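A short worksheet on the structure shown next.
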Amino acid sequence: MNLHIINPNTTAGMTETIGEAARRVSAPDTRIVATQPSHGPVSIESHFDEAISVVGVLEEILNGEKDGADAYIIACFGDPGLLAARELTQAPVIGIAEAAFHMATLISTRFSVVTTLARTGIIAEHLLDQYGFSHHCRRVRAAEIPVLDLENDGDAALTRIIEECRRARDEDQIGAIVLGCGGMADLTDTICREVGLPVVEGVTAAVKLAEALTGLGLGTSKYGDLAFPRPKPFSGRDENFSNLQPTRR
Amino acid sequence: MNLHIINPNTTAGMTETIGEAARRVSAPDTRIVATQPSHGPVSIESHFDEAISVVGVLEEILNGEKDGADAYIIACFGDPGLLAARELTQAPVIGIAEAAFHMATLISTRFSVVTTLARTGIIAEHLLDQYGFSHHCRRVRAAEIPVLDLENDGDAALTRIIEECRRARDEDQIGAIVLGCGGMADLTDTICREVGLPVVEGVTAAVKLAEALTGLGLGTSKYGDLAFPRPKPFSGRDENFSNLQPTRR
Amino acid sequence: MNLHIINPNTTAGMTETIGEAARRVSAPDTRIVATQPSHGPVSIESHFDEAISVVGVLEEILNGEKDGADAYIIACFGDPGLLAARELTQAPVIGIAEAAFHMATLISTRFSVVTTLARTGIIAEHLLDQYGFSHHCRRVRAAEIPVLDLENDGDAALTRIIEECRRARDEDQIGAIVLGCGGMADLTDTICREVGLPVVEGVTAAVKLAEALTGLGLGTSKYGDLAFPRPKPFSGRDENFSNLQPTRR
Amino acid sequence: MNLHIINPNTTAGMTETIGEAARRVSAPDTRIVATQPSHGPVSIESHFDEAISVVGVLEEILNGEKDGADAYIIACFGDPGLLAARELTQAPVIGIAEAAFHMATLISTRFSVVTTLARTGIIAEHLLDQYGFSHHCRRVRAAEIPVLDLENDGDAALTRIIEECRRARDEDQIGAIVLGCGGMADLTDTICREVGLPVVEGVTAAVKLAEALTGLGLGTSKYGDLAFPRPKPFSGRDENFSNLQPTRR
Amino acid sequence: MNLHIINPNTTAGMTETIGEAARRVSAPDTRIVATQPSHGPVSIESHFDEAISVVGVLEEILNGEKDGADAYIIACFGDPGLLAARELTQAPVIGIAEAAFHMATLISTRFSVVTTLARTGIIAEHLLDQYGFSHHCRRVRAAEIPVLDLENDGDAALTRIIEECRRARDEDQIGAIVLGCGGMADLTDTICREVGLPVVEGVTAAVKLAEALTGLGLGTSKYGDLAFPRPKPFSGRDENFSNLQPTRR
Amino acid sequence: MNLHIINPNTTAGMTETIGEAARRVSAPDTRIVATQPSHGPVSIESHFDEAISVVGVLEEILNGEKDGADAYIIACFGDPGLLAARELTQAPVIGIAEAAFHMATLISTRFSVVTTLARTGIIAEHLLDQYGFSHHCRRVRAAEIPVLDLENDGDAALTRIIEECRRARDEDQIGAIVLGCGGMADLTDTICREVGLPVVEGVTAAVKLAEALTGLGLGTSKYGDLAFPRPKPFSGRDENFSNLQPTRR
């Protein structure tokens, strides 16, 4: 299967990190294509960054439809544009936050999230509510590191993340930790070893969920509220979205 | 005060309808500026339409910041880009869905929503959950009319909306009806008269809430998770968002 | 418009404080009438105080109906008698707790309440649940000052409130603070300045919401469960409530 | 034990009905005293009726404290004044709505409520939410009979209640029915026989819960938010509540 | 009435403790029969222990049906097998966790649970959710003592429980404490005296609730989802459950 | 990997059906071992059947631990014994109800469940609540067929299931259907074709989730409340559970 992983920000190094993490867990017959939008923010640390990134995410979905992608992953912990992306395709689309939450509930009764900046905690809280997992999450914690520090100042960032994970382990009455940023995809094993709890990371979790859905022959429902959008005119620089013709499978 | 009302779609006729409805209820010293993005979809009837429209909405916020807007309204019933917009400004930003929900709870114990297409019902459901009003809303109903029929085939659309409102009144054990589309802003009085229940419409509700917040000297909190976004590079066609300098008041 | 603000306790000084705070934010054509019951407790610090005060509140509503009041505010943070008051009139009736909660959710994602005595925290918790805002409120905090200290020992009271507000700001991951007592209506600006967060106070919030509803032509729904009470005999000292004839507008 | 049952309305016939129903299930050493306020509404069918009735209910609690009551029941399905009453005494105080809900959850997984008028349904809904039972109640139904018809037109009222109970049984996927009015206390056996489901009635349920608490030596907690109210001045016709001295046991 | 109290573990000393505690509060005409399964774990401290114990609990119910039991109590704080037990009989069946929760909500607005081992906290959390009481419980606390220490090292265990109860009283803003283990049934008075709050214990609470239901003529509903199980073959060592013939009353 | 699928009932034909359905979707290197307890009910249609079946399920887990199983599936829609099973092993354990719910939320916003008998609907409701999916499920529906009809009267059963699925599709505003019985595992394709909606079945969903977890190196957390049970004596026919020594990996 062709699995397109969309890093919603424009930092190529992070796209690579994500792609490599995905390849480490993917099945032999899964071909990972890690992409990123041609425009947008270098990192996503606010509702604003997220909102701007979504257009690029959706363009990557449409590109994937032309290339025959079999499934998609949106590799930012806010799952930006998830439901919009699902409308554009009959293939499965998985967000890395939802992927991590689902997996964490299968191996523990309660978990905590450790994310980058406290200001993005509200995004995780809203997703937990919408997905139904707010009772399974004891606490959303922040290591207070900017996202790009994961690329540029990796050792210091790792130290702070591990410290916060240890506090979660000791204070939160949990069985697992969810890492709250796509840029942490390569840190999972180290953190797990240092902290001694199962650590669930969204990119890798999403790869396996995408393979799972594909293996079941399940894709996004085109019946009801995730049906293809009604074709219509878009103007200005969004003209390319006019009268979209869906790729039926 | 300068109140900027942003119609997230690009249909000028609807922008006018919205602006006029707003002016009918605004205070004497409120100057209504009804705007629309320079690009995007002609109507919003899906998560996809909504996601694309958000960039234009945020550009209109930034334009408004330069023009000295005192408050903003996002005039589409999905409240697209609401939290992102709030990050960009110290002024209040109100979505018309939230405005209508808040007002409806002040005059009734339970209400129903009557919107355009059933496929957008899930957007209203998610907002009701996030805002805390899902227990106050008995049912989200759809008249099954495309949004632009409100412009192009107004009489037939009105008839169907009134029929659905009557069903809500007779079956749902409610005290009020919330109209679920910005394009219905000019129909409120007629529907109210025909149905005999208080009918709450979001554009007008948002105008009065924006005036209320301004009158209290309250604007979007810049403490915590709605603080201005961290300035950072954006690339490609989003370059204009790079290193945004917030307008402090 | 004639806006009747009912202070549910019998302390005239507090009625004045409330009236003045209301006038400072009211629109030019809003005439504020601050009233208080002719009988009842000097302050409201328990379910019991609240329950006794409600009869006087309802009498003030009936008096207001005779005087042609256009809207009502119940100016105690427990919103005593709110739904009963709404049954008695077609005009809008706003409680100051609900007003503050609504406004706080429009400018922040999460808030904390700072009230007087810890024992009244449960009243706020029940209201947050009923109104749908329990997820938006991080914590209900008490400065542990009796209500009348706000009148009689204002400086010490103010100091303790500011201290508690600072703790809320530093510990609760919030964007705004809601003041949990009508008697704090004149302290808002000072507290806001000292604490550096938006501070939402209910009396002033309710004034603007009442103006907003009136401006929209919206009043309490008389369809369904807030319809006028069925006229019936009342005996003893409640005889004056017998066979109430509603004021239709 | 002395068990005071307070009928919050002033209809003596209903007080008798309630007292007799209570005596039929009470333990040999339980002395039932059925009382009613000396003033207030003849029936309770609105938030307004309920609010006015509460003062009389609380006076009956204070009278009971002087008479050495060991426990109290508030015999109206809205549980009017319940938390205020609990503040006034160290004895247990039980509302008949809560009593019925508790008992119904012990013998079935889901129940429906059949009450008198649809307009009071919202009172039951709010109580179900506050008490935690909204998931256990499938539906609040109304037979659309005024409360006093239970006294004055008993046969017709009974017929309609039975019809509504049968609809609940056939449509709601329930295991039990809760009768939603104190005036139905004498109808339980008949309805149960006609409908063929367990029927839970609040007055009788409350008698047994009051006996249960007393048998356990448990009374209203005086630690925390149900502590005796702070003594304070009350003015006008409420002067008798000034500086209340609690009866400690 | 014949009240069968089933201690789900096989420690006879604990069965005696439970039986004695029950007898101290039971009505004169209640005959307490305290039983325990003929096989199973010596204590219940995990989901696994609980799951194994359930078969013995259900056998005791079937034995009780032959002996003419009028009501049953399952005396382990996880309420193991409660709904299965209810299916087997028309008599009431009460779990001690639910009994304690119900009683605690009648005398306080909020309570905390103090249980034995932290690892069983999740069992209490799940029950609180299912029963509807999660908003009424501030916190589930553990004294971190193995269950059998209550039998074998009683003084040390008691000391730790009292310490944890005091922390609950001082930190949790509660009005009552619920003891989270059947083996604490004889400690209630001591703890209550030491801590100064109402302390609710499940075995005694369940006795009074069982008497209450019996006094009302209410038993487990046989209409709907708690009806007698469909008779069917069971094989192997479970053959004795084949084609069960229910005892109708 | 060795994937043990435990059919909790003793009907060998159903175990085969389940095993074959599992093999159709499993990865090439997954070895499916379909087992069933040596004792217990022939089908599971009540809390009672479920409770008895759990012991056998747990024995199969312990057998699997000896055989080096890498993951487990509990193949009955009530997920009987799930948390107890997780305590016994470091390997992942998946219930088919949770598996189906998780998968359904990844391809639709809302789903309905179609199960066998209405009386088991409450089991699904409780699981939906505990797992967090009650908002994602519009309705739990029953085809009213006994479980073994799926084996013995397959065509008639299939017809009724398809009819109920069509009603769900037409009335429930859903995007997917969840089949609510392990015995339907071989019907998925047919139903999907007849109904025209994505149909999610739990056995197959669980196989892919088990492979996903294993592929991620994630197993049941042994930190916190799913740690191995404390070893202890069990008596009588449960003696084999005494002092269990966990298999650490």
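A, B, C, D, E and F label the chains in the order they appear, each numbered from 1.
FYI, contacts are C-beta pairs under 8 Å (C-beta built on N, C-alpha and C of every residue); 3 or more make two chains touch, one makes a residue touch a chain.
Source: prediction; values computed, not measured.
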Using the contact definition stated above, find the chains touching both chain C and chain F. A, B, D, E
Report back the single chain whose CA centre is most distant from the CA centre of chain E. B
I want to compare two interfaces, D-F and C-D. Which one has more contacting C-beta pairs? C-D
Chain located farthest away, centre of chain C as origin (C-alpha): F
Shared interface numbers for chain B and chain C above half of all numbers used, same, or below, different? same
How many angstrom lie between the CA centroids of chain A and chain F, rounded to a whole number? 28
Note: chain E sits from chain A at a C-alpha centroid distance in Å of 44
Touching two or more other chains - residues of chain C: 83, 86, 109-110, 118, 121-122, 129, 135, 173, 224-225
Draw the chains as dots and join the ones that touch; what shape do you get: line, ring, star, complete or other? other
Could you run through all the chain pairs that touch each other? A-B, A-C, A-E, A-F, B-C, B-D, B-F, C-D, C-E, D-E, D-F, E-F
Enumerate the contact residues on chain E facing chain C in the complex. 109-110, 135, 173
Applying the document's contact rule, which stretches of chain A touch chain B when the two form their complex? 10, 37-43, 45-52, 54-55, 58, 81, 83-84, 86-88, 118-122, 126, 129-130, 146, 224-225, 227, 229-230, 232-239, 241
Going by the contact rule at the top, pick out the chain E residues touching chain D in the complex. 25, 27, 83, 86, 92, 94, 98, 102-103, 105-110, 131-136, 169, 173-176, 196-198, 200, 204-205, 208-209, 211-213, 215-216, 218-221, 223-226
Of all residues in chain A, which touch chain C in the complex? 118, 121-122, 129
